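Next up: the structures, one after another.
Here chain A shows up in two complexes: once beside chain B, once beside chain C.
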Partner chain A sequence: MSDRTLSQPRREQLMRVLVIAQLVILAIGILFPIAWMVTSSFKSSADVTAYPPTLLFRPTLDNYTRLLQTTPFFSYARNSLIESGSSTLIGLLLGVPAAYAASITRASWPALVTLSARMAPGTLFLIPWYIVFRDLGMVGTYGALILTQAAITLPIVIWVLLPAFDAIPRSILEAAGVDGCGILRSLWRVALPLVSSGLVIATILAFVFSWNYFLFALVLSDENTKPLVVAAFNYIGEGSTDWGGLMAAATLIALPPLVLAIAVQRWLVAGLTLGAVKG
Partner chain B sequence: MQLSASSRHRGALALLSMPAVLFTAMMVVFPILYTIWLSFRTAPLGHATQFVGLANYSQLAHAPQFWNSIKVSLTLYVISLALQLTGGTYLAVLLFQAKRMPAILRSVLISPFMVPPVVVGMMFLVILDPSLGAANWVLSLFGIGPSAWLASPEWVIPTVALIDTWQWMPFVALIVLGGLQSLPPSVYEAAKIDGAPSRLVFWRITLPLLLPTLATAAILRTVDLLRFFDIIYVTTQGGPLNASDTLNIYGFHIGFELFQFGYASALAMTLTAMVFGVVLALNRLRKAVDW
Partner chain C sequence: MASLRMQGLKKRFGTMEIIPSLDLEIADHEFVVFVGPSGCGKSTLLRIIAGLEPITEGDLFIGDQRVNDLTPAQRDIAMVFQDYALYPHMTVYQNMAFGLQMRHTPQAEIDARVQNAARLLDIEPLLKRRPRALSGGQRQRVAMGRAIVRDPKVFLFDEPLSNLDAQLRGQVRSEIKALSQRLKTTMIFVTHDQVEAMTMADRIVVLRGGVIQQVGAPEEIYGRPANRFVAGFIGSPSMNFLPVNLADGAAHLPDSRTLNIGTALRGTAVLGIRPEHFIPAPEGTGMPVDVTLVEPLGSDTLVHFLVGDIKCIARVAPDTRPHVGERLPLSVAPGKAYLFDPETGARLA
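On to the complex of A and B.
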């Protein structure tokens, strides 16, 4: 009997070590491709194609200086910023009031539309968009890109904010109504401050998904309005001979979403999985 | 609800959602209706469209490349979903047992699905290069021979499934972890008192209670997997030998390389119907296993 009680804590300790060991191995596996991309971007052209791969190497910034000097990387980055930033703004301006109204009236259509927009394949929208924008002479304009990207950001904003508004106790909103607050004022003064973390998450997720979205810009952008993800695709054609430059471009393009996501990681997981979990 | 009692309020609320409604009508509803309409017509570039009835759909039904795409999409879907649900559950159980989630671990877990798919394609092009890639080198350390990965018609789909699993398994794990954390602790306590072995507790108690969460995760992944595009477009463009030509890659080829808008619309409608069908079926399953 005393033998059992003695071995119990040791068994639990051993279990814990096993769990952590497995988690460490998995985390290394998950991190490996990203780490490989980043380290490759600092390798000289001889090191980056060495086989077997060189693990210890003299880091160089050559790939980055070459990328920034020989390609219009900064203007692509500016395009990405303009398109993702504006479409995020539109998504918020339209989505916040809509989510608020839907939360109060318990309307179900915004959730439905959000879901349908998420379910339909991009080509379903892209064919009519392309035809209409072509007839309007808008293919290759920021306008077309911002509008189509807003079709990505609006559902995200509603998806994240609807449960956040739903979580506000109704009595607080009613009190604001009794105090004679207009509906806009009670949204601005009472409800928005209560969902501020949801708002941050909605903004960041909308921006990241718009930044990452490839298909619409692939068809609707031209050389002057091309965002980074589409430009990156061109680098691949050239990059078959220049892995260092390709990985430098990849690293720079992935950096903004990664930094933004990691900055708000704790909330982000909750925002993404909210409503996905029974409760 | 007191707030909606006054009609002035109701009008103001309708006004609040008006911009989003108009935008949705213009950018989502109108294009869907337009695509349905186009799918019954031919739309040659520079000419007026013509009604052709079901011709586009029957062309689809008789195109071997369409059936190839169905096979490719479904194979990719089944392999990826199986890998992501089992791997995600395994990872979630580990995270649940570890009890604490340090910020660094959470950062590692969210990183893959925050990286743009285009960048994911770029990094794996380099890592999976048949002659100089790191993947074959790692395999060689374990005495395993090299693979052609994306360049092999047999292996391209499993390889893409592995890439997508790398990117989305942590996301599935985080959802499942949320499900595990919301299970009533009393269930475990009762099992513990009864002295049930932990393996039995997992298979007989935890897993059945997790099924609704797993179904939700499956729905979220289904939506992305059935319309798989970015990573394949960036890495193989549907090749080698159409072995990775998913429905969306095929549709893009018809629509924006051949500009056969009518035919491409019929394909887009078919793909949409497939996605909705699978999602509805999974949703019924989710309700059936709910507790």
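On to the complex of A and C.
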């Protein structure tokens, strides 16, 4: 008895240390490639291919200036913004009501359908997809790229929001009905505010996935609608690759989603439904 | 402000029949209380009226309008949910104002009504808080407030006072009663509490397994229960039931004692006597019983005794303080002996 009470604080301490160690290992694994990318982008072309890799080097902005001078980087960035922004918006506009409808009707098939849409290998659809847009004369247009990426964002939105809606006690939604809300108003005034953190997560995920969506964009875009990820691909040349420039581009591409995630971090608060119902 | 009519109403969940077939009319301005054991379908019935549960079969009318296919929003009812169902992201004020906003009530009137309801329910200091920062009883009062700010056709209350302390419960009870008289709105109130049922109801509906056992004014339900179930359910402590043999105007008890109840019936029956209808008899008359427990309540005294192996309770005047083991002669107040069919439970007399 007294033995256990004595060892209790020490055991807790040990657990803390183990948890922290685990987090550190995990963080290193995740952050290492990012650190590599960022440091490489500041290396001179000699340093970037040096083997063994140099840890101490004289940072230079050469890669960035070259990138911005030799490529229309900002127009690619604008393309990416237009395409990811619009497809995220479409995903939200369609996905939010879809997830809500699936939740209140307790239908399980929409979740299954969206899951299989997420799991199916995209390459399978690449050619028919291309043919459809070619026949529509839409290859190289924003429309084609936005619609294609909406096919990515929509399932993400549904998949994130469905469990969030499911977690709202039904009686709260029923109370909204009794208070005079139709289905859309109960969604807007009651359900959405209660899943706001889920909504933020869904928005970020949808935006990031569509921002990084490569294969279909490669096939469907042209010089005027090319998004950043596709443009960066051009840095991988047949003969020699400009690794420094590529890393600078990659760093810049990774920036907006990161900024977005940090900006909305404070929204990600849980436990909002606390205290709504008895017990 | 509307009457309510249920015709051949049936409710099944899957294959489970919760309400076999129910007919009930509730008049305009009437205050009706549903009572019945847990799981008998009280909440289900309220939810059907509110439009939250589809009707399996039969019709529901509010006023002259058949509302089977109307959404809750279209039915114009206010409801207090058994689990409160407050909006967690809104303050207490917003919770109460929401239904009025949805119906485009002018802001000044919303404000007046919310303040008024908050004063009635003693939650004025809480108006800026969110539900998670409230105690159970406070949440329940907010749920109550959200309903009473409205001016609907029908109020539905699902055990709205269950979590309040005795004093507050009494206070809110009389407020609701006063409100119903002032607003002249039809009210349906579900409760487990005898006192609530008896004091508030114009009519009580006793339910069991989704079937109406009796509908009537409180004194009628209490004084002329339709069957043994109603007799046992209404009244606290509940009615004593004794299997008896009737002969020569007297009831012959299981332990061969007799109790003179002056009945013309003969044969086997179940004798029902409310605790308060036992009266101490003069020495040498009545039925002598051996006291097993005495509970002084202040206002009166509960005397427990055995008849055969059946536990019985008598409620007697507070100054009657028999000792445990003492032999006390009891008789039954004239005309207060109920007789039930031993098979069907229906009341015989």
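By our rule, the second predicted complex is superposed on the first by the 222 of 279 C-alpha atoms of A that agree within 3 Å, B and C clash if a C-alpha of one lies under 4 Å from a C-alpha of the other, contacts with A are read in each partner's own complex, and residues count from 1 in each chain.
As a working rule, a contact is a pair of C-beta atoms (placed from the backbone, for glycine too) under 8 Å apart; a residue touches a chain by one contact, two chains touch by 3 or more.
Predicted model only: the values in this text are computed from it and were never measured.
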{"item": "Residues of chain A touched, compared between chain B and chain C (which is higher)", "value": "B"}
{"item": "Partner chain(s) touched by A:Arg185 [first = chain B, second = chain C, both, neither]", "value": "second"}
{"item": "Partner chain in contact with A:Ala248 - chain B first, chain C second, else both or neither", "value": "neither"}
{"item": "Contacts of A:Leu199 with chain B and chain C, given as first, second, both or neither", "value": "neither"}
{"item": "Which of chain B and chain C A:Leu162 touches, first, second, both or neither", "value": "neither"}
{"item": "Touching partner for A:Ile172 - first (chain B), second (chain C), both, neither", "value": "second"}
{"item": "Which of chain B and chain C A:Phe125 touches, first, second, both or neither", "value": "first"}
{"item": "Common interface positions of chain A, toward chain B and toward chain C", "value": "174, 177, 182, 272-273, 276-279"}
{"item": "Of all residues in chain C, those that touch chain A in their complex", "value": "47, 50-52, 71-73, 77-79, 81-89, 98-99, 102-103, 130-134, 136, 139, 146, 163"}
{"item": "Chain A residues touching chain C - in the complex, by the definition given at the top", "value": "169, 171-172, 174-182, 185, 189-190, 193-194, 272-279"}
{"item": "Residues of chain A that touch chain B when the two form their complex", "value": "15-16, 19-20, 22-23, 26-27, 30-31, 33-34, 36-37, 40, 49-53, 90, 93-95, 97-98, 100-102, 104-107, 110, 113, 116-131, 147-148, 150-151, 154, 158, 170, 173-174, 177, 182-184, 187, 208, 211-212, 214-215, 218-219, 229, 232-233, 235-236, 239, 243, 246-247, 249-250, 253-254, 257-258, 260-262, 265-266, 268-269, 272-273, 276-279"}
{"item": "Footprint of chain A on chain B - complex, ascending", "value": "1-4, 9-10, 12-14, 16-17, 19-21, 23-24, 27-28, 30-32, 34-35, 38, 43, 91, 94-95, 97-98, 103, 105-112, 114-127, 131-132, 134, 137, 140, 166, 170-171, 174-175, 178-179, 182, 212-213, 216-217, 220, 223, 226-227, 229-230, 233-234, 247-248, 251-252, 255-256, 261, 264-265, 267-269, 271-272, 275-276, 279, 290"}
